[in-house]
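Have a look at the structure that comes next, please.
Think of it as A, B, C, D, E and F in the order they're written, each chain with its own count starting at 1.
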Amino acid sequence: MFMHNKKLMYTVRVGEPNPALATLMLEQFGGPQGELAAAMRYFTQGLAESDPGRKDMLLDIATEELSHLEIIGSIICMLTKSTQGKLAEGDEEVAALYADITQGGESHTHAILYGGGPALVNSAGVPWTAAYIDTIGDPACDLRSNIAAESRAKIVYERLINVTDDPGIKDALGFLMTREIAHQKSFEKALYSMQPNFPPGKLPGMPDFTDVYFDMSQDGFDTAGEPADADALDRGPWNTGPEWTIVSDREAQAAVDGGDGTATVKLTAKEKKTAKNFATRTASDPGSDPTTGADLGAGPGAGATKKTRELVDADAE
Amino acid sequence: MFMHNKKLMYTVRVGEPNPALATLMLEQFGGPQGELAAAMRYFTQGLAESDPGRKDMLLDIATEELSHLEIIGSIICMLTKSTQGKLAEGDEEVAALYADITQGGESHTHAILYGGGPALVNSAGVPWTAAYIDTIGDPACDLRSNIAAESRAKIVYERLINVTDDPGIKDALGFLMTREIAHQKSFEKALYSMQPNFPPGKLPGMPDFTDVYFDMSQDGFDTAGEPADADALDRGPWNTGPEWTIVSDREAQAAVDGGDGTATVKLTAKEKKTAKNFATRTASDPGSDPTTGADLGAGPGAGATKKTRELVDADAE
Amino acid sequence: MFMHNKKLMYTVRVGEPNPALATLMLEQFGGPQGELAAAMRYFTQGLAESDPGRKDMLLDIATEELSHLEIIGSIICMLTKSTQGKLAEGDEEVAALYADITQGGESHTHAILYGGGPALVNSAGVPWTAAYIDTIGDPACDLRSNIAAESRAKIVYERLINVTDDPGIKDALGFLMTREIAHQKSFEKALYSMQPNFPPGKLPGMPDFTDVYFDMSQDGFDTAGEPADADALDRGPWNTGPEWTIVSDREAQAAVDGGDGTATVKLTAKEKKTAKNFATRTASDPGSDPTTGADLGAGPGAGATKKTRELVDADAE
Amino acid sequence: MFMHNKKLMYTVRVGEPNPALATLMLEQFGGPQGELAAAMRYFTQGLAESDPGRKDMLLDIATEELSHLEIIGSIICMLTKSTQGKLAEGDEEVAALYADITQGGESHTHAILYGGGPALVNSAGVPWTAAYIDTIGDPACDLRSNIAAESRAKIVYERLINVTDDPGIKDALGFLMTREIAHQKSFEKALYSMQPNFPPGKLPGMPDFTDVYFDMSQDGFDTAGEPADADALDRGPWNTGPEWTIVSDREAQAAVDGGDGTATVKLTAKEKKTAKNFATRTASDPGSDPTTGADLGAGPGAGATKKTRELVDADAE
Amino acid sequence: MFMHNKKLMYTVRVGEPNPALATLMLEQFGGPQGELAAAMRYFTQGLAESDPGRKDMLLDIATEELSHLEIIGSIICMLTKSTQGKLAEGDEEVAALYADITQGGESHTHAILYGGGPALVNSAGVPWTAAYIDTIGDPACDLRSNIAAESRAKIVYERLINVTDDPGIKDALGFLMTREIAHQKSFEKALYSMQPNFPPGKLPGMPDFTDVYFDMSQDGFDTAGEPADADALDRGPWNTGPEWTIVSDREAQAAVDGGDGTATVKLTAKEKKTAKNFATRTASDPGSDPTTGADLGAGPGAGATKKTRELVDADAE
Amino acid sequence: MFMHNKKLMYTVRVGEPNPALATLMLEQFGGPQGELAAAMRYFTQGLAESDPGRKDMLLDIATEELSHLEIIGSIICMLTKSTQGKLAEGDEEVAALYADITQGGESHTHAILYGGGPALVNSAGVPWTAAYIDTIGDPACDLRSNIAAESRAKIVYERLINVTDDPGIKDALGFLMTREIAHQKSFEKALYSMQPNFPPGKLPGMPDFTDVYFDMSQDGFDTAGEPADADALDRGPWNTGPEWTIVSDREAQAAVDGGDGTATVKLTAKEKKTAKNFATRTASDPGSDPTTGADLGAGPGAGATKKTRELVDADAE
């Protein structure tokens, strides 16, 4: 069960209204790396979790993220406080009000559609979607997703801090950024206290392909006997060392199972017949050179071939 | 520049058509953990990357994921090969055809809308969206996102393998699953060959809040002097040990900056006046007990209070 | 600030796992009328609200809806408890496991993609979107939106109760349904304690059009002097009575301002010239009878006109 | 069946082109509170409705909203009339044209992607989605949704009028705004001519929870025997008066059914075993203090504690 | 299988960074007419195609479009090269950095959320969605879709060229635009080398309705015996000529099958009874004139009728 | 202005309710190839069109498509007529009702969320989105888009007819399918009465690349002097004949402008410095072989190599 305390988790002191800055802040309210995404990622994991310690941790952090959502939402409300009133009361000159809501970012949408309130959209006005949530119900994966998510949120806060000079906002954003660091640390601890956690799941990989590195992007093309891509710039611990086998040869990258590299399925005789009927009915005639809609549309003065011109003549008769 | 070889990277041998199984496979074609998401995640990172080694790795793996997309798409085509023909040719009994396309999953949509072809939707028919891509342009974050994504894809393949008994499909899925393991290993190497990588970015956290753990989810409520949530089940390395400070006291969790926990902004006198006008115009009267639409709609026999009945009477006059 | 108590607001006692029923329940977890939508609707309003009483009410109810989200999520987890384990451990026969995850609804996606956990999708697997939230930042509107939303949620719970025979689930759903009734009552009180609240906002309507009812859907067509649509079935208090003026005459429904019913804009001479150039360049020739792509594609045996056949002949030469 | 008259329902006289203002107007063309949403809300209700009077009303108003969609679309076309030509003809200086399409709002997207035509997107460029439509097929709910929707649309028009100084546009917007008032009145009449309409549906609420108000948001924390949240500011007719019971005690808000507040399900012995296997395999070790990825990434100079180094030693043994 | 060559298909030479221009370019990276949409349209068709020539063509062009995606993505990276660094390093004055990321378009979101990297969003920040892909698995349709898509992409490139004055960008965009022309030509050839291709599919149309043109949009209303819409401006080869029958009479446009224009279904007696119960329970009373929520909210001074005032009086007692 | 006639354009006679079939029909109500998409495609084009004949045609057909939307919606309502009542009245056995709403397709969502009414979703329950609309405001493109759209809609109707055996539904679907043929013919006439129409727009292509065909998908790899892909199966009028130049050589496909195939931008000295700082700070060390999270998680028994342990030692020093 959730409860609410009217105090914010961190005091918000905004210097002055700024609708354009408010729209930047929306990124962490209703954006993919924002606080609702964080809260919902951990909340959905926490509900399904059966490990008591991890469940507690997930609900602790989910609840804190909801409290962060409230902080960033409160910053947005303060930044649009004057717009909200002016737009509702309409007691400003039209030109001044128009200027007020078109200062940049999506401040125009934020004003016209949401009245300046904190909407669950990102800084481009895109509504929040649960497609942002990558919870899949496996702890070794979900904890990695959480680690990555916290690191991303940290950086978005860092960017917002870099472009803000209101000290009160910088202070609150600093707190929020710091908490992402702390949460990442907790999720890291949780991941590594579960052993083994790599590879996730139960099924082992096929030994033939677990330590192979396919060199798919190369500087040029094979010439006999030489790797195309021998540049040292393309090497690193991700493909170099005793555990790795690099496959640079283009032929060796195809049909690596040793088969013919095709896709096949067994059909019944009747299914084959139907498939063939469809193929025949829709077959192209590779030997034809048909007049096309492009020919009809190109016009006499824009590249029509002789054949096309004849058709156009015929059309004109 | 991309090039294409007509051979698949892995040979696909499907036993027999199965439209319902095809819709499960769509999860890794057009789903959030599927191959297009993987390819686009690494491709967008690779384009923006300036570290030559990482850039090469990202494009290597992006290109391989595109080749995987082709494999899973080919499996889907084989599984719907008979549906495709039957639906186009209409030479089946209606009842048989109806049964064919309603075998389960979203096979009905897959047939009617896409003709059995491999659509970029997930197994529930939801179109792929770039909202699945969590690239943010910081390598220490993006590599963590990639590690997490590979682990998730591994598990979804494992689940698909667990529910499939066609040996050819299991074999191809096994290859795809294995490559996720290999990719995760590469991304891990890349992350840790970048030092330091934690916390990501340049700004340090606020020292006061980096090692604090807020115990937001508790078993009950504070009674004087005792932590509410002292159960050992709630402890783990994510909140226990010399580096962590746990804050369980509810009051201490609020306004942790020492302020009053409110949100404020400085308005000009004119802005204050407008805000006040808006507030006054839309103020509620807490002392009123108004008749409401619910009262009007509750009806005489369904709980209307005396006052409401009087109103209804008045209405009837 | 939010806090969490490990106890649910209402105890959940599920009889036995049922993945197909679980997907129905997702409707109120991640669907448009579900608990996240409710919580976020009131939370965003509460943050921006300046009336202290309404703000408190909105945060009270938002917090309760989060607690309901937890209840419905817990029901889902119980219903998929066995699927979660079987899918992860893979120790079931493939056929049995396949049957388990394809029992109906979107149970296949719920299992393969989310591992049976409570995902923020609706019963068709569509991810939750903030497009469901209709908060616009005006209390007289937002309260009406809340009243409507509570009534919708009540009905969806009623439908779920009607198709469920697990007593524990029915009991918990009954609680959730009841709370929607209570919330609707509160929002009604809040709306009518704000006087006046109709029409919302400050600008009055144009007197000429406030009490007019345009009879746009009619049984037939005007014949001289008679209203086309005089059927008593089309009358009701929404268009009948002293306050209403019904406009049934088709001519009188157009250009009701008395103008010519066109759209115009003043352009500069240069703008006019450019617009004319665009129009001229892309003008159609109404007097032509061009051969078209459809003609080219219709083929000799499928309805080609003489003219078309001549073209095809010409093409064949 | 629908028919179309070439006259607009209201004459549109735009003073001069203004691409930035055009993007604001898109809010009511392809936005959530716009005319397509209105038309489709009522149209879908009208189709399913069996009450002849309500069905007629819904189709009357749906048809009128389509006519409004045409008016707002025509305003947009006029405002972008010059952009449309300049962009197509390319006969403007590049810098002038660039300036023309980047005047604010989403005018850049509106120009580049849609050529200045009226696209079904909102003022932030977000495509219209049927997720905006809240029709659920119960008249007592749908009418409430309509009432709320009309009130929201009224306010968005009011905001647009407040930021526009073109008299012709203000005039047309005034008409559209007025009609929302009239429609709201009709829907109100329709709702209350259906008795009873509250609570909607057939199932009654649980008597124990219909008139309870849970005080979830409080100023502080319980101290023995005293309600935490006794402030008069938190009272209003929505929670005060003879019909309401307020529950402020935190313990009394949890597990209100008198149970233990847990979620349970009965599993078979085999299911239990599988669930336990999953839990055991993925259990965290709460007593461990593992070295983590964050430790590996923090680097010697950036906070690697002595403990971490010791752990690395321990791990190596 | 896909392979990658580190060389771009076309060299990209950008004059100087310009974040606002970068957001315009996103239209062809992650927008509906952009290169990912093109690549995925042809790739999904190519996988399902069984005609060997068409399959090869589709994969040729799909692969080329991926190479174009890389070109436009590289242009974007160059245009945001300086933003990427400044934002990450934070070594710029805050005001300067703020100005840098708010130059127009969605440059603010592009910077804050994506760090200036090439995100799969359009120029308004809307994430790419597979809803853009119109592949349906019928070659006669899909080729037409491709022809149309290539023509649209050509125009969007033309618009971008018209608003860009960087010679290097214009040059690369010119190449990309040219290739759309070439691809359209190929798809046209492929369509017309498949004979017949119109109408697509196997089922013929109903002869009575194949050549009928319904004149649904008219200048005015029927007067006896005269077509309402005889204006020559409304004629063209699309409705004029020996093959077409124009139906202008409004009555003749309805129920064109000669039936009564209603929708009916046969229900069982029990189903009828249930349907009637639902209708009765939710019937409106057309003869009532109920007091409504609007009446309650209008207030004494804002148009309350006498009846309403009586109710308000009663309420006040 | 739109008007509505209560008669349907085509009479709908449904044999008996069938909720699962109803969900298939949703494809043409709220799906990408359905009637709303068609109506909105032509309506948005018609509003912006300045050619009077085309404008009339677009509004004629848009209006007809709205009338088709009403027909398909009415079919859906008939098919769910019994579900609607049963679900609302709850007077059926729970098991029977549960069976009724889970007959297949998305009938469960259609029932629970929409009460059986015609929702603007496709057959998989995905809400309609304006992302389906490909109008771009250029007539030569939009007409091609319309031609393609009509052909797709024709095929989806054909598929629905193929899986339906209710004669009344087949009849109505036959009418709707036929009208798509007629509309395609009209749009073809309109396209070719605009001359020239190819290539669309004003800018010509670069002559060097207009007639080139890049052979990107090949059977194998270059061997000296021989085209890799000489198979006749890969030839057709789309790449063969005097106008086409085929480029099969892989080197010749890269950097076709003759440049070096890189992407460059000119930065100021300061910008270069910042970019370099970012690169340096986040550089990977290609010569390192770091211990990774995967190493830490692999566990002693699951692949922790000796090297890894050594590295841990090294790290600890």
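Everything below uses one rule, namely that a contact is a pair of C-beta atoms (placed from the backbone, for glycine too) under 8 Å apart; a residue touches a chain by one contact, two chains touch by 3 or more.
What you are looking at is a predicted structure, and each value in this text was computed from that prediction instead of being measured.
Chains touching both chain A and chain F: B, C, D, E.
The interface with the greater number of C-beta contacts, when B-D is set against A-D, is A-D.
Two copies of one chain, chain E and chain F, form a contact in which over half of the residue numbers belong to both partners. The centroid of the Cα atoms in chain B and the matching centroid in chain F are 22 Å apart.
With centres set at the average Cα position, the gap from chain B to chain E is 25 Å.
Among all residues of chain C, those that touch two or more other chains are 1-9, 32-33, 53-54, 56, 59-60, 62-63, 67, 74, 77, 84, 88-90, 113, 115, 121, 124-127, 129, 131, 136, 138, 140, 147, 155-156, 158, 161, 184-185, 189-193, 195, 198, 201-203, 216-217, 220-221, 233, 235-237, 250, 253-254, 261, 275, 278, 281-282, 284, 286, 288-294, 296.
Judged by the touch criterion defined above, the protein chains are all mutually in contact, each touching every other. Those residues of chain D lying in contact with chain A across their complex are 20, 23-24, 27, 31-33, 104-105, 122-126, 155-156, 158-165, 216-221, 250, 253-254, 261, 275, 278-279, 281-286, 288-295.
On chain B, the positions that touch chain A within their shared complex are 5-17, 32-33, 52-54, 56-57, 59-64, 67, 74-75, 77-79, 81-82, 84-86, 88-89, 91-92, 129, 131-132, 134, 136, 138, 140-141, 144-145, 147-149, 151-152, 154-156, 158, 161, 171, 174-175, 177-179, 181-182, 184-187, 189-190, 192-193, 198-203, 205-206, 209-217, 233-239, 250, 253-268, 271, 274-278, 281-282. Put simply, chain B touches chain F in their complex at residues 1-7, 50-51, 53-54, 87, 90, 94-95, 97-98, 101-102, 106, 108-109, 111-113, 115, 121, 124-127, 138-140, 147, 184-185, 188-195, 202.
Residue ranges on chain C touching chain E, taken from their complex, read 140, 191-192, 195-198, 220-222, 232-233, 235-237, 240-241, 243, 250-251, 284, 286, 288-290, 293-294, 296-299, 301-302, 305. Within the complex formed with chain D, the chain F residues making contact are 1-9, 30, 36, 40, 43-45, 47-48, 56, 59-60, 62-63, 66-67, 69-70, 73-74, 77, 84, 88-90, 113-121, 127-131, 133, 135-138, 201-203, 290-293, 296, 309, 312-313, 315-316.
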